[in-house]
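Across the two complexes that follow, subunit A remains constant while its partner is subunit B and subsequently subunit C.
Up next, the complex of A and B:
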């Protein structure tokens, strides 16, 4: 790499930063002015929605790139023709077409909470157009690729951005409506089939998302990133719209009332994933990873989400579980020559991790808040360092513990492909089912604890430790118990992890992994079970899908952490209690007023306290 | 004896660097109760800032004369670190001042990851360790002691001197000057401080500026002393520095410096004599951190802990 002359480098950097700041500033200015103008002008809703819809249709039909690029990273990427098919209505342009049509049709249909729906459409359009336009400009080598060059005109992306803005502004023509409340007292004859259909739809969406942009064995096709993200934005938009219409609220209420049926159907649907288009070896591996992470994240959720104790070294418990299971597996590098059956090994792993959890948790008796975070970080680093140095010959040090045999039961190795009645299932499917069971068990533990006496004690400690103690809660015991149970769950996950990956190495348990786990919990929503699963899934699937941007992975991860904390600290699927609390603290108002949060904070010189 | 003294001196040199960074932690934590995880990365970026200054922004004749080169690197590093610290405060932390306590901490983690990646991706060659030129007179100074000789590099001596002088100046500034009083007032009670005519925002920015400047100084010294740097330098040094700040008592300048020296000495002397050797030197530091937090949470020189939410 040739070193650029300093001034040119600095100039370039400053130019880019100035450009970004200018664009953000313009957007904010436009957003404020537009909102100020539109407020209390409900008559503008329909024309704006129509205009936006028409523009979206236009953008879907316009070409998006001006020329073919011949020196891409991959041969398949050497042209951007995916974007310049004229009249193309497949892929992301199909989504834009659908959103545009929806925008036009809904302008004439009386529906409740119309502005919420338009907000959803606007955001989905914005996500799709912004990402794809950005992709074209990045790979096309400049703005010219998305506008006009060499006599070819391609304003599809820019028209799409305008369309997104117009549709989005349509919802600013007045305050957001209340989310309509549907009657959730429905008979079983209605509830059961509806729930069944809903969960099957969820399963199919998940399978579709997993497969988007990849071939059967998981190799990235060209444009995997744009294809996947466009689908993700589209589906998020649809879900957000259903949310605004009150449908998801109704569905959760109904499934709350028929909990047993929901759990059965959900389990059935989870186990059915290998039979969908995502049923390949590769995606089974990814799904197992998601499950292991999700189980660990739910364990962490007990510590962080319920008890409010920040743990920055949590991955160590997964590591301890993995090392214990590895040592009892009869791998050649294992310290003990005995081979325990998997279940026994998993229990030992969980117990050992739990004991360490209690040890790590014991400083909580005297240390609070940020200091506790540092103590846990210190424990995490001690674990990593000890593992790296092969402490007591238990970890293999830099050589790791390789060749851990797969779990086998009834003469069937879990990593071999399986055939049932002529239907060939991908290898790893048994691991997948094991992980589904694991996650189900962990969820069960979490859900029961949350509503139990100890769970309420944890929440009380999270809210105000001194008050909790005054009410007679033994805070010390409760806090150590939180660490112990959380670590036990992580240890269980670690046992599965060891057998599935077949190698346990110390560098799988670095600080950044603890941060990733924490990010999964926070992204999904603290103390929320579906949130932890969604967060883990996103944090594992996104890097797989965005391999073209491998280099930027960690950078985007850091940026995402900052942005989530800034704009949606309650997470994607906030826990109900938690949502109420955060709203009380005046940090995050009801979801309907997100813009106010953005407006009131910086520069206002408002309240400055801690 | 000679080995012990030698390790002691290496420890003091390391401790000097840690102390300079710990001052930034202790001041920021003292005023807004935020563990600024990204402070270690500010230090790391400043090393690269110094390097960029040396490589690209000064005439070749300056590169040959160390006083000019060192001065230029110092300016470059401090400017980079201060700008970064101020931007961070303004865009990442200030919007979260009223948020639950977890939010700023996680933001700080995010900023830390981001800064590291930005440097790794944008600085030519930063995917591996990068060489930093010697920009100080590099005569080692040798002492004769019973049982051998002890060597201290001239840069090492500079680190120790700068750390102590810097801390003394800072202490004087905080205890004597008008802005120093404003800082202490804001740390105690921002609302009352505002009623007394102190602008808390300005005071907090100033705290970040001072912390950043000290990290910049530490960055240059680190570079010219070790003669290479990689993007991982920030994380561990940052954790050490935070440990030092906690050990000395958060909010105490004297404590941060003494804590820094203690950490440095434990790392080198402990690496020599404690069981496990250098492979476990980190572990001893963290064990010490845990013990201090458990048995004396206010640190060696801190005030007894107030109730923290």
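Up next, the complex of A and C:
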């Protein structure tokens, strides 16, 4: 049978997806019957862990691809290398090797929460092997690429998948343990260096992730997608394991107790990013985009995360801020001939956006829930259409407002490269620092408001509006204030956005952008600041890094979002409260709120007694 | 007990479409009084509460607090000094017990948006004061030790008491309790009775809606009986308990009539009962 080539990979992809669904379904089936597969057979843990570890080592040493793919040799010596260079494995095969070794070693080491660690190892192995195998099959044009073709065999991927499954089942040899709690009351002499090391490690990991899959010059190389994803899966696995061991909880507790130091170190680390391997023009631009998005997402988090008001047109406030800043920038298309200094322009932009926020917020007094979402969605569209039609001559219409001059201070243009004491820094580094400051300010506003009278009022409205009113909270005022402050922050971010992109066009503010912002908030964790930053970073970096997958890019992106929401509905870094609300593990079921009131209808109760 | 009236409802009527939920209900609450409001299901007790707290605007009639007419806005009513609890517990589930009570302090805090934003010394003093007062209230209702628990994780009885603490945090002069002992066992009910007496000692007048007549008669100084939206009888517990109309309308019909009704009901539902039993049997077999 002759299948058109386009359909061949589709069929194979469907086959793989069906396989994944089958495995998940089998696992869930076991759970539903009250007996997880291999549950309460702790004796199985060690042999399975050992077997899985050995299989993983084997898979790392086996060849993965039977022939050379279109874009050249598959990375990390994975083509036709059979024990050629056993200790020369790097990249994704190196990760598999490390995970396999960890699985074998940990089988003999007494550690707490062992099953949680094996779950992390299993998931990381699964992610790495599945993605690389899938990519080889997809790119190689058939299952043969990852199994056997023309007399050449390459079973690395399949052995890896089996290894991942075996390690995964090792953790199901019993119920998951409680995450151990470590004493977080440590002296400064311990806390300060630990926090410093942790944040530096975070910085290096971020830089490594950003640079994964690029050449020394910073250009994207072939197979950037799988390289990046392999690293991402490996790092996620390590973090998940540390999480299971209670290390991340301990670290956040320690940093909570030494907040000032944490903030200082974090700021220092953020500003140090341009000095790492991620310090290229390209990544500075991406980092500025992330920062603008993160600041906007934190603003949206006030409206959605704290006050619980769904806003589907939020990008409009970023747009308003951007247009205001553009009009006061002396660009040739600007409506006003005046050029305000950037700081003044940013403040004007924030105020104007805030006023519009209050206007949009006012219908919230009358509508709730879905209806509010529709009102805000309509506002977003009104804004976009108005901008497209150049209403009031303020937006340049379809021509946009181009050539907005970059910000400059002390004779130094923000978009030019910078040289300090012989060290050449990439262009855009000043924008990057400006954005770090912007995000820091927005975070401070969010954190202070959240921990205050008005912040509590917002959360109360989110939880139960009628009860909030019964507590004397003027809900109308509080909601409008939430919209106003959220919009102000977005307007501020918009001012930076206008200068950085140098062109403000109406089609930058489409509905999909609002949805992406909302996704960043929900993905990271509602009402959580680090969550919003991580969510924005993922939503911007993932599409950049997944360019390799072409048509599948958005599909994979969507799949990732669905999976995250399925397995972590509270978001990646949930807020303390939301964590308690939505976490599915280790939480004692709340007592039922519905208690039967004694039946007082005459006859009803008596019939039973007879 | 006599005194100046704190809360007075005059001829309050509430009509929903064609349904008259309340018609010309009068009620006077004196200083330091515990007033019980009883009546069969659907008598309009909660509707009346909602009229008192501004959730509903009465179709006719007025509600006054110390002679001043109450606005029809729940937040403003709370600020004026009338606090309430809800029939179905309505706490803020993902806040801790302490945070729930601190929200109750909202209208008594001076903190404006700027202080909220900049966290100056005034902010810190205000927060500390609110926290201290809230902890004090939690101790008062007996929840001091669980102040850091999420309210959704508290046992049922504690949730009810937390709701009372939260209402007290608004510094009310009148506290309205909507079925505070629904679903409680005798010990918890007794504890609630003692708590309400203690609240009265602090100078807060209390109105209680309740089904449990024994509870009401042992708690209240004054009892009003609401039947089908009308005030049927009011007076001291002894007067109300002895009134034949109350016995008929609320406590049930004379024993022989009830007997007849029950027999009739049992005949009518005999077949149905059979089916339920069969179902129960097969359910047991499965296990």
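As a working rule, the second predicted complex is superposed on the first by the 505 of 610 C-alpha atoms of A that agree within 3 Å, B and C clash if a C-alpha of one lies under 4 Å from a C-alpha of the other, contacts with A are read in each partner's own complex, and residues count from 1 in each chain.
Note that a contact is a pair of C-beta atoms (placed from the backbone, for glycine too) under 8 Å apart; a residue touches a chain by one contact, two chains touch by 3 or more.
All values derive from a computational prediction rather than experimental measurement.
In the superposed pair of complexes, A:459 makes contact with subunit C only, with no contact to subunit B. Of the two partner chains placed by superposition, only subunit B is touched by A:569; subunit C is not. Touching more residues of subunit A than its counterpart among subunit B and subunit C is B. Of the two partner chains, neither subunit B nor subunit C is touched by A:399. Applying the stated contact rule after C-alpha superposition, one finds that A:412 touches neither subunit B nor subunit C. Judged by the touch definition given at the top, the superposed model places A:385 against subunit B, while subunit C stays out of reach.
In the overlay built on the shared chain, the residue A:90 is in contact with neither subunit B nor subunit C. In the superposed pair of complexes, A:473 makes contact with subunit C only, with no contact to subunit B.
In the overlay built on the shared chain, the residue A:310 is in contact with subunit B alone; subunit C does not reach it. Shared contact residues of subunit A with subunit B and subunit C: 466, 601-602, 607, 610.
Across the complex, subunit B meets subunit A through its residues 32-33, 35, 52, 55-57, 90-92, 94-107, 109-118, 121-122, 124-125, 190-191, 194, 200-201, 204, 235, 239, 242-243, 246, 276, 279-280, 282-283, 286-287, 289-290, 293-295, 297, 307-309. Touching subunit B in their complex are the following residues of subunit A: 1-7, 9, 13, 304, 310, 363, 366-371, 373-375, 377-379, 381-382, 385-386, 388-389, 466, 511-512, 515, 518-519, 522, 551-552, 554-555, 557-562, 565-566, 569, 582, 585-587, 601-602, 605, 607-610. The touching residues of subunit A, counted against subunit C in their complex, run 445, 448-449, 451-457, 459-460, 463-464, 466-475, 481, 577-578, 580-581, 588, 590-593, 595-598, 600-604, 606-607, 610.
Within the complex formed with subunit A, the subunit C residues making contact are 40-41, 53, 55, 73-75, 78-79, 83-84, 86, 88-95, 99, 102-104, 106-109, 111, 113, 115-119, 123, 126-127, 150, 152-156, 159, 166-167, 169-170, 179, 182-183, 211, 252-253, 258, 261-262, 265-266, 269.
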